[in-house]
Structure formats: structure tokens, C-alpha cells
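Next come the structures, one after another.
Consider the two complexes below, in which subunit A is the common component and subunit B and subunit C are the respective partners.
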Partner chain A sequence: MSVTLTHDGAWRRGMDRLRRIVAACGGPAGCLGAAIVLALLVLAVFATWIAPHDPLRVSLPDQLLEPGGDFPFGTDQSGRDVLSRVIWASRASLAVAGVAVLIGLALGVTLGLSAGFFRGGWAEQAIMRLLDAVAAIPVLIWAIALVGIFGIREIEIGPFTFGNEVKLMLMLGLLYVPTLARITYTSAASESQANYVAARRLQGVPGWRIMLSDVLPNCLSPVIVQATLMLALGIIIEASVSFVGLGVQPPTPSWGNMLADARNYLLSGEWWLSVFPGAAISVTVIGFNLLGDGLRDRLDPRHALPTVAG
Partner chain B sequence: MSPRDDLGVSDMAPIPVVGRGAPGKPLLEIEGLHIAFGARDRWFEAVRGVDLRIHAGEVVGVVGESGSGKSLTALAIMRLLPRGARISSGRMRFAGTDLLALDERGMNRLRGSAMGMIFQDPLTALNPALPVGHQIADSIRTHQGLGRAAALARAEALLDLVGIARPRERLRAFPHELSGGMRQRVMTALAVANDPRLLIADEPTTALDVTVQAQVMAMLDRIRRELGIAVLFISHNLELVAEVCDRVAVMYAGRVVEGAVVEALFEAPRHPYTRQLLRCIPRLNDETGPMPTIPGLPPRLGAIPGGCPFAPRCDAAFARCTAEAPDIWRRGDHMARCWEALR
Partner chain C sequence: MLVLILRRAGFSLFSLLVVSLILFALTRSIPDSPARIVLGDEATEEQIAQFEADHGLDRPVLVQYLAWLERLVLHGDLGRSFTTRLDMNAQVTETLPVTLELVCIGFVVALTISLVLGTLSALWRDSPVDYAARLLAVLGVSIPGFWPALVLVLALTVERDWFPPGGFVPLGEGLAEHLRSIALPCLCLSVFYMAVLTRMTRSSLLEVLGQDYMRTARAAGLSRPRVLLYGLRNALVPVVTIAGVSFGHMFGLALIIERVFNIGGMSRALLTAIQQRDYALVQAVVMMFTIIFVVANLIADLLNAWLNPRLAARAA
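So, the complex of A and B:
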């Protein structure tokens, strides 16, 4: 560098810390992904305070205003603020994708780990073949088919009312199980052959404890990477299902149902109705994918790229 | 029908290998141990009647080529044979307990507490995802029911015992941060964590280079003296065995072919296999010439010749050797399974 700013230690320490953070996310791209995901989380959690308007407030005089002034992203056909709706919609998207991945992880890792660790039994075959059968049909098709079968009405169980989102979470979660189970199964099966597992047996540790405390931690890297990528997939699926009207129900905003409304204005010039929710989906998915790729570089040495010495 | 009948194994005379004046009942007593590999109706015996006794505080060496059944015997004591292998007959008593009658929970109580084991490859025998202190403490907590802090304190003392510098810091080290010698030391700490009476060391130094080998052996020897542990030392390195063992058993094709106090074995070997093995130890001050070897290969599993299995490679074999399985020659506590010795 031509300009020597300062030899100040604080500056150098700051740069070192920055470099470590970047390395922890698996490089600059992964770091960008992490930043996007973090920003989204903040938007979703603090939507109440961040959004400038009530996303549900209908104001007929403000119909279809162009971006600018009081409405930076414009307004929709009911005069609702598009910016506020985009911000609020991140809640539905992240909640559906996040809870679905958690459900998938809980079931998939449990099944895959036990099938991989206790190999050679009928249980292993039963679990894995059943999961293969589920995985034979694409997740989006499953999701649409299942919502179609169970309907979009709210379900009341005792004092709780479950909206359509909850059904979507459950279904997506179940549909994630085969992939996560198979990834866990593959690493668990090979890790279970490892010498340290034999060593643990020689130390008198019972099998189930070896499985949980030794094999599981060694299987997690590919699972974490896959889970991150599945968050991106979940957001696309939530948007797609909401787009065809089987997901998040109006008036609750979702990027998918906002796009569905925007369809009618594609040719009449109100571009902001489709561009902003669409961009939100793209940025979110890119963010999760970058983060997933970064984590893979970081967690899986086989995919590690050589770091460029600077 | 047991696999033994298939193979026509007949001689099962126990070999009394009594320790150097060691009185009383042996700590570990193995009689007629047979281990077979296979499935359904095809079984091959890899260990074909091993008898072994270890008294408290004694070091017994087992030497033999790869595939002679020495590691299998060790794993059989732990009752952790590889998939497809099983103990087809024999008796094993450890400190008054019939090992073959114990259930899995009973065995788990013995493994890692009364019986510890270290093996060849310390590089892969530690969990790469966990700090070594955690792994040692976990084993202590499994067997002694100590709290986390007490177990970690004990782990620190153990690392100190096995000669690891700055043990408190090393508790937090991951296996990949340690050298091979240090990892074998950690393995040893794990093996002796719960005050075992018997330590099975299966080629503990084979994967290490020679200088580290000497350090690790010295460490093992010091610890077993300090703690009064009996050691079953498995090796193909005769020199190491000569240095550390009280008694030695030489194995060939799944059987102990010669057993004796270490001096007797090295000074007056009775089995031609032992003699030929001793001839193969390289010496630096020897006259130059080709390195002596034992011609041929050990018999393949399932194709062990009748008579003496070593006869095809033996330089002293005669007609009877290929015809009949050898009787046992015995003088005091020296035994050999050989016709030539009986002549």
C-alpha cells in the first residue's frame, strides 16, 4: 500500500480481528453471507420498530404510489407500504425455514445417526429405505400436494390456533428429514468404523454414549452446511407455496404472496410491487448460500480453498 | 458342529507357563482359546488353542508375525473382536472372574478400569473432535463417578504421570495438536486412568520413530512399576521384548509355539521358528552380507497345513513334522511345540 496510515497497534489489532472473523466465516464471500443473514435476523426480530408503517394498514388514497417520499418502496393496490410489508414478510420466511430446518435436524440426525452407528440390522434398512422413498419426490411437489390435501384453514388444538405457516413448517421439516438423515448416516457409518470408536469401547463406554458423545460431534460439519443451504431452500419453498396461495395467507405479508399480488401489475408499469419482494428473496437466498459455502470451506478441509497470502 | 471339529483341531493340552517365582493364582488365565472368522457354515480358525497366564505385576511378551493371532488374542481378552470373528471355545479367567460368562455391562465395567489397553495407532485412537483432557476425564467419570472438576484434576495428574510437560495446558489440546509420541502418552494415560490390574499393550510403539519409541517404552516401564500393573506386551520386535518382559510366548499360525522366561528363550530357544526369528534381528556390527530372513510366508487362514504349520519354512524339519501335529516339549517352565525339540 502506498499510503502508510499509521503504525498504531490498535489499527493492526483491529485488522487482525477482522481477518480472524473473515476466516471464521470461510472467507470474504462467507463473511458477506453471514452479514446478510445477520441483517435479516435483525429485520425480522425488530420488524415492529424498524418498519416505518403498519404493514396491514389499508389507505385507499395512497394506492399504487411510486417509490419516494414517505414510501421508499412505494405502496400496493390497497395503499399499504411495500417497504414495511417486505420487512414484516422476513418474519414468516425465516420462521418457516428456520423451524422446518430445526424439525428436520432433530429427526434426521437422530435417525441417520442411529442407522449409521448400529449398522447391519433390519432397523437400518427399514429407516434408510423409507427415507429413500420419501426423497424420491421433490420437496416442492410434496409441499404443494400436502397443503392441497390438508387445506389452508387454521387448525385449532385446545387453546392454540395453528395458522397455515405452522402446517408448512411441519411439512417442510418432515421433508427435510431424508436428506439430513442420509448425510448424517453416511458420516456416522464411516466414523463408527474409526479407531477412536474402538478405543472408546476398550475404555468400557457403552455404545449409545459413544454414539452421542464421540460419533455425533464428528458428523456435524456436513450436516451444519446442509442445514444452512436448506434454510435457503426453505425460503424459496415458502415463497413458492405462498405464491400459489397455499402458504402464508393474506393479509399477513409474505414475499411469496406479495409477488402473487404483483402479478396483476407486471405489464401496467408498477414495477416496485414485484421488484422489492423478489429482490428480498434473491438477497436472502444468496446470503444463506454464501454462508453455507463459507461454512463448508471452513468445516470441511477437503473443500478448503488455498488461502491467498497477502 | 463347532468350527473346531471342522478343522480337526485335536491337541488342547494346556501349557503351564509359570511366572518367575510368581506364587498363587494367575491374574489372567487363558486356556485353549480358539477364535474363528466366518459366517454361516464356513469358519476359519485364526487362533487355534492359545494358553497364556499372567500373574499380577508381571510383564508377558507375545511375539509373532502379522496374522499369527496375537492381536486377536488381546482383543478376545477384552471381548471386542472385529466383526465376523468369534470365540469358538476356550476359557478365560481374569482375577477370579470368568470373562466368557460376563454380559456386556459386566465387560464394560472391566474394560478401561481393571483392564486397560493401548494399541498400535495412537494417531487415530483419540477422538479428533474433543480435547484430550475431556476424553480422559470422560473415561474416569464413566468408571469412578467423579464430578467434572475432580475428573479433570485426575486427568491432569495422569498427563503428568505419563510425562507430558505442562499438563494443565495440554488438557485443552486437541489430538492433532500433539505429536505421535505425546498421543501415545495420552493413550497410556487413558489406559491407566482407572487403576487397571492388567495393561494390554498391542504394539504400542510400532507407529513411532525409534527415539520416541525408546522414550515411550521407558515411560511404560516406569508406570507399570510405579502402579504395579501386569502387562501383556504384544510386539514383533524381539529386542523390545527382551528388554521389558519377564516371560515370552512366541506365536505362529494361531498357536503358542514356544514359551519361556525371557533369558531362556533368548539364550536357548528350542523351537526352530524362535531360532530363525532371533537370527533375523539386524545387528550393526555384523559382517556385511544379506540380511537373514525366514523364507516363505505364514500359512493363509483356512489353508494351515497338517502336521506342524511351520514345517514348510523350517530349516530343521524332518518327515514327522509334516505328518503329525507336534507334541509339547517341556522342561520346567520352558515349553515348545516341536518334534525337533523332542528328539
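So, the complex of A and C:
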């Protein structure tokens, strides 16, 4: 009897926990998004062990094999395993999208928060006017053009050598700043009018401490939502830039440069070269979008503006 | 209203100035001097210095910028490329119409379908139409435009012979062939924005339909279509904003789509310029796109002021 009870209790606790997790992601769709994102992170981090073959190993006898047997996604023009390349490519895509968003967050939140909190000065006006002006930049075109004219090369920073895609990370991160700063500014400006801020001031807490420990946490919800949607956008932009040959450079696999290779095999019918990397991009972006929408429903239901990519 | 137009136009001008200065500074900060790119590695220091003096590249960046701006604004002259010596105005007027046509058709298709679909989906909430529209919205924004392009090329041009697999047939060579050659590119271009705008129309109209003034209008005896018409007018404001932004962004996607379908629009000009490190041309192309982007946003702003004069009054 007692056994059944504990069992029943454990089961109910389990269900409660599950319900809380689902609610935290903003419903079943958001939860599916979170699951996709989590699975991708696992793939990217453990690619070495998960991928069945070496993504760079060229094997001419295995050229352009149809999916099946040893190669579930087929092989490419150099006999490399498409499945392994798709798995390894998640690293480049997530790294570019992730680092770009981090750069955008670091600069954008700092600017937006300080402009929104220390209001009324010329600095606020100057920062926000400039950021509004810079919002008139079509992101994808600027990313392609600027990453392009700096030339395709490896970049050495101190003892480390980075791939060509580092330029894309930096550029994309900077292009994200205006949007993130504007969003932070809007909530920081209204939060800093709140009574709790006035109360903290009366307690004699210095302004910068109120800003960081009280106002900042209350501004983060819309920023987190936007950042998640920007991850999705970053995946698409990385794929697009690599597709035109200016992002991740071969032989390092990225979904975009795999599609660029596939373009040469469209007319001869090797469908698996274009279908699998494209599907990988779409699943990833769906994951981030669902998670972002779910988080918005939960954290920030009033601002239902979709992001526009391109 | 006039004050508002002037204010908005003034701000657009200001933002073009800021953005063009940034663009100019960035293109001047590339590690290789254009002289080195044109003359090659064997060029001597003197030759490089001579080239830079001839092209005014030895002046301070701000002076160069002002000279460039003066030519562009007063004479509409984008200048000549350093590497090919070609007149860039000619290159832009040759390639821009192709891209412009693709984007305009794609934009009209996306806007029309999304307005109809978004409205129906808000009116018939939780009906099959609504589910279809929402599915389209999620899938559409998640698929990079060039992937369906590749798959469509596979399915409709290689397997069946419905469309040409690529290339651009000018209007002069027959209307039917021209339309056949741009049908798939335009479709691929519009899917993403169709999804974005459908979603925006749906959520914005749903919000308006739930407002008290809509119920009041019905109670006052206005017919259903009439009430809907008023509702739409209010609901359109955010849609117009996003549509303006989308129009500008579509040129970015068009670059990729043109490459898939092998169409010689601005993308070829830009990518060739990048390959040849012809940064004056890159700068010219990017500037053109940025101007289009800013003007599209300005038009959207003014359209909104007309749709909802209260918003305009508050802004002015």
C-alpha cells in the first residue's frame, strides 16, 4: 500500500516537474524548440564521438554514393560522408550565431541600459539618435559586402588562428547592436521611473548600483526573447554568407558551403547533397524560432513583433 | 502632416549620412591598399604612392568622404572603379532593374497573399485555414530562401521541364519566356516575407478585433464588413512598418536567390566586385541598397501617418 503511495507521489512529482519545464519554455511548442536546440548543442559539442566518419576524409572510390548502408545521408563529390559533415557543420553555425549574439548583447545592453537609466542628458539623445540612424542598415547585404571586401583569410589574434568566419561573427554582432540597444533602452527608460528605483535612491544607493542590480534584471525579458530570435537569424545569415563563398571556408563543413557545393550537382540529380544540409538549417531555425516564440508568450506577451531577416 | 513629412525625411537623410560615413570608413579600413590590389605585389613603393596621389587616396578619410558625397549628391555620380576603370553608374543602371523587378514582384506577391491569408486566419480563428496559415508562418520564417530554391530547381526543372533551371530572359525576348524565367526566383523570394507578414497581419488584426471600440461599432449597428474595414485600417499599421523593412531586406535575399538561378542582377555585380576586391564598386552597390532601404522605411512611416493620424499627431 505504502509502496503504491510513494510510487504515485513520485509519479505526480514527476508530472509536476514536467509541467513546470513545459511552462518555463512557454508551452508545448516552445518545449519542442528547446528540445531541438538542446539536441543541436549536444551534436555540436560531441560531434567527434557522434559523427560516424571523419568529415574531412576524402575517399575517391566512395564518390557521390546514394544514401544507404554505411552512409545514411550519402557521400559528396570527394567521397566524404554527408551525415558526418552535417553534424560537424552545426559547430560553425552555432558558433557564428552564438558569438554574434553575445557581442550584440554585451554592447547593445550596455548602451541601451545606460541611455535608458541616466535619462535627459545629451548622451542619451546622442546614443539613441545614432543607433536609430544605424538601424537603417540592411543586415545581410552589409554582412556579405563587408566580410567580402576584407578578403578571405585566416585571422591571427595573439597565439590563436581563427577561420574566416570570425569576421562574420564580429560584423553580425555589431549589426545586432542597434536593435538590442533599442529594446533595452525602452524597458530601462520605463523601469527607471518605477517607485522601487526612487525608493532605492532614497536609501542612498548609488545610481550605477541601482542600474545593475535592480533595473537590469527587470529589463532582460524582452532582450532574451529577441536574442533567441537573433540566433535563428544568425544561422540563416551564416548559411547565406557561406553559400556565396564568403563565410566558413572549405574543407571545414558548414551547411551553407555544403549547399554551395550541392549547387553544382543539381542538374545531375544528386538530391541528397542539397536536401540534408538545407533540412538541418531549417530544423535548427525552427528550433530557435519556436523557443523564442514560447519565451515571448511566457516572458513578454505584449511585444509580439516578429524579427525580419534578410 | 507637412511637418511630419519633413521631420521624417530629415531623419532619413541624417541616417543616410551617418550610415554612408560608416560604410566609407569601413571600406577605407581594409588592410590592403587598393593601389596594391590594382598594381599587384611587384609594384614599388613609388608606384603605389603615385597611384594613391592620382586617385586622391592619400588625403584624410574625411576629405575623401566629402568629395565622394559631393559628387554623389550634386551630380548623382558614383564614380569610377579603381580596378576596372568602368563607370559605376553604368554598371548599376545595367544590373539594378533586374533585381528591382524580382524584388517588386516578389514583394507584391508576398503582400497580397499574406494580407488575404492573415485576415482570413484572424477571422476564422482555429479553423483549418488558420492552422494552415500558422503552419506556413512557422515554416516560412525558418527556411532560408535559397534552400527551397535549390529543391524547386531539382523538382520542377530537372525532373520535369516546367521552368528553365536558371538564367534570365529579358522582356525583349518574349513575355512568356520572361515570366517563366523569373517565376521561381520571385516565388522563392516571397515565401519568407509572406510568412512574416501573414503572421503580423493575423496577430495585429486579432488584437484589434478584441478591442472595445470594435464591439461598440457593431452594437451601434454598423454592418460586419464595414466594421472589419475600420478594424483593418488600424490593424495595418504594424503590418505596413514590417512590410517597409521587408522590402529593403528582400534585396539581401535576392542576392542569394539570383546566384542560385544564375541571374545577372546586382548580386553578380556585387560578388564580382568582391572577388576583384573592387571596393569602390562594393561601396556603390551597398549604398544603393541602403538608400532603397531607407526610402522604403520612410514610405512605410508616411503611409502609417495617413492610416492612423493620431499616431502622426503624437509623433509631430
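Operating definition for what follows: the second predicted complex is superposed on the first by the 288 of 310 C-alpha atoms of A that agree within 3 Å, B and C clash if a C-alpha of one lies under 4 Å from a C-alpha of the other, contacts with A are read in each partner's own complex, and residues count from 1 in each chain.
Following the convention adopted for this analysis, a contact is a pair of C-beta atoms (placed from the backbone, for glycine too) under 8 Å apart; a residue touches a chain by one contact, two chains touch by 3 or more.
As the structure is a prediction and not an experimental result, all values here were calculated from the model.
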Checklist entry - Since both structures carry subunit A, what do subunit B and subunit C do when superposed there: clash or fit? => result fit
Checklist entry - After lining up the shared chain so the two structures overlap, which partner does A:D16 touch, if you call subunit B first and subunit C second: first, second, both or neither? => result neither
Next on the checklist: I want to verify the contact counts: of subunit B and subunit C, which reaches more residues of subunit A?
Outcome noted: C
Item to check | Which of subunit B and subunit C A:I281 touches, first, second, both or neither | outcome: second
Checklist entry - Is A:L140 contacted by the first partner subunit B, the second partner subunit C, both or neither? => result second
Checklist entry - So, A:E154: does it touch subunit B (first), subunit C (second), both, or neither? => result neither
Checklist entry - So, A:R201: does it touch subunit B (first), subunit C (second), both, or neither? => result first
Checklist entry - Can A:E66 be said to touch subunit B (first), subunit C (second), both, or neither? => result neither
Next on the checklist: Rounded to whole Å, what minimum CA distance do you find between subunit B and subunit C in the overlaid structures?
Outcome noted: 21
Checklist entry - Which positions of subunit C touch subunit A when the two form their complex? => result 11-12, 14-19, 22-23, 26-27, 30-32, 138-139, 141-144, 146-147, 150-151, 153-154, 158, 165, 192-193, 196, 199-200, 203, 238, 242, 245-246, 248-253, 255-256, 259-260, 270-271, 274, 277, 279, 282, 285-286, 289-290, 293-294, 297
Checklist entry - What does subunit B use to touch subunit A in their complex? => result 78, 80, 83, 104-105, 107-113, 116-117, 119, 121, 124-130, 138-139, 142-143, 187, 190
Item to check | For the subunit A and subunit B complex, residues of the former touching the latter | outcome: 120, 194-196, 198-206, 209, 213-214, 217-218
Checklist entry - Given the complex with subunit C, which residues does subunit A contribute to the contact? => result 129-130, 132-142, 144-146, 148-151, 232, 236, 239-240, 243-244, 246, 259, 262-263, 266-267, 269, 271, 274-275, 278, 281-282, 285-286, 289-290, 304-306, 308-310
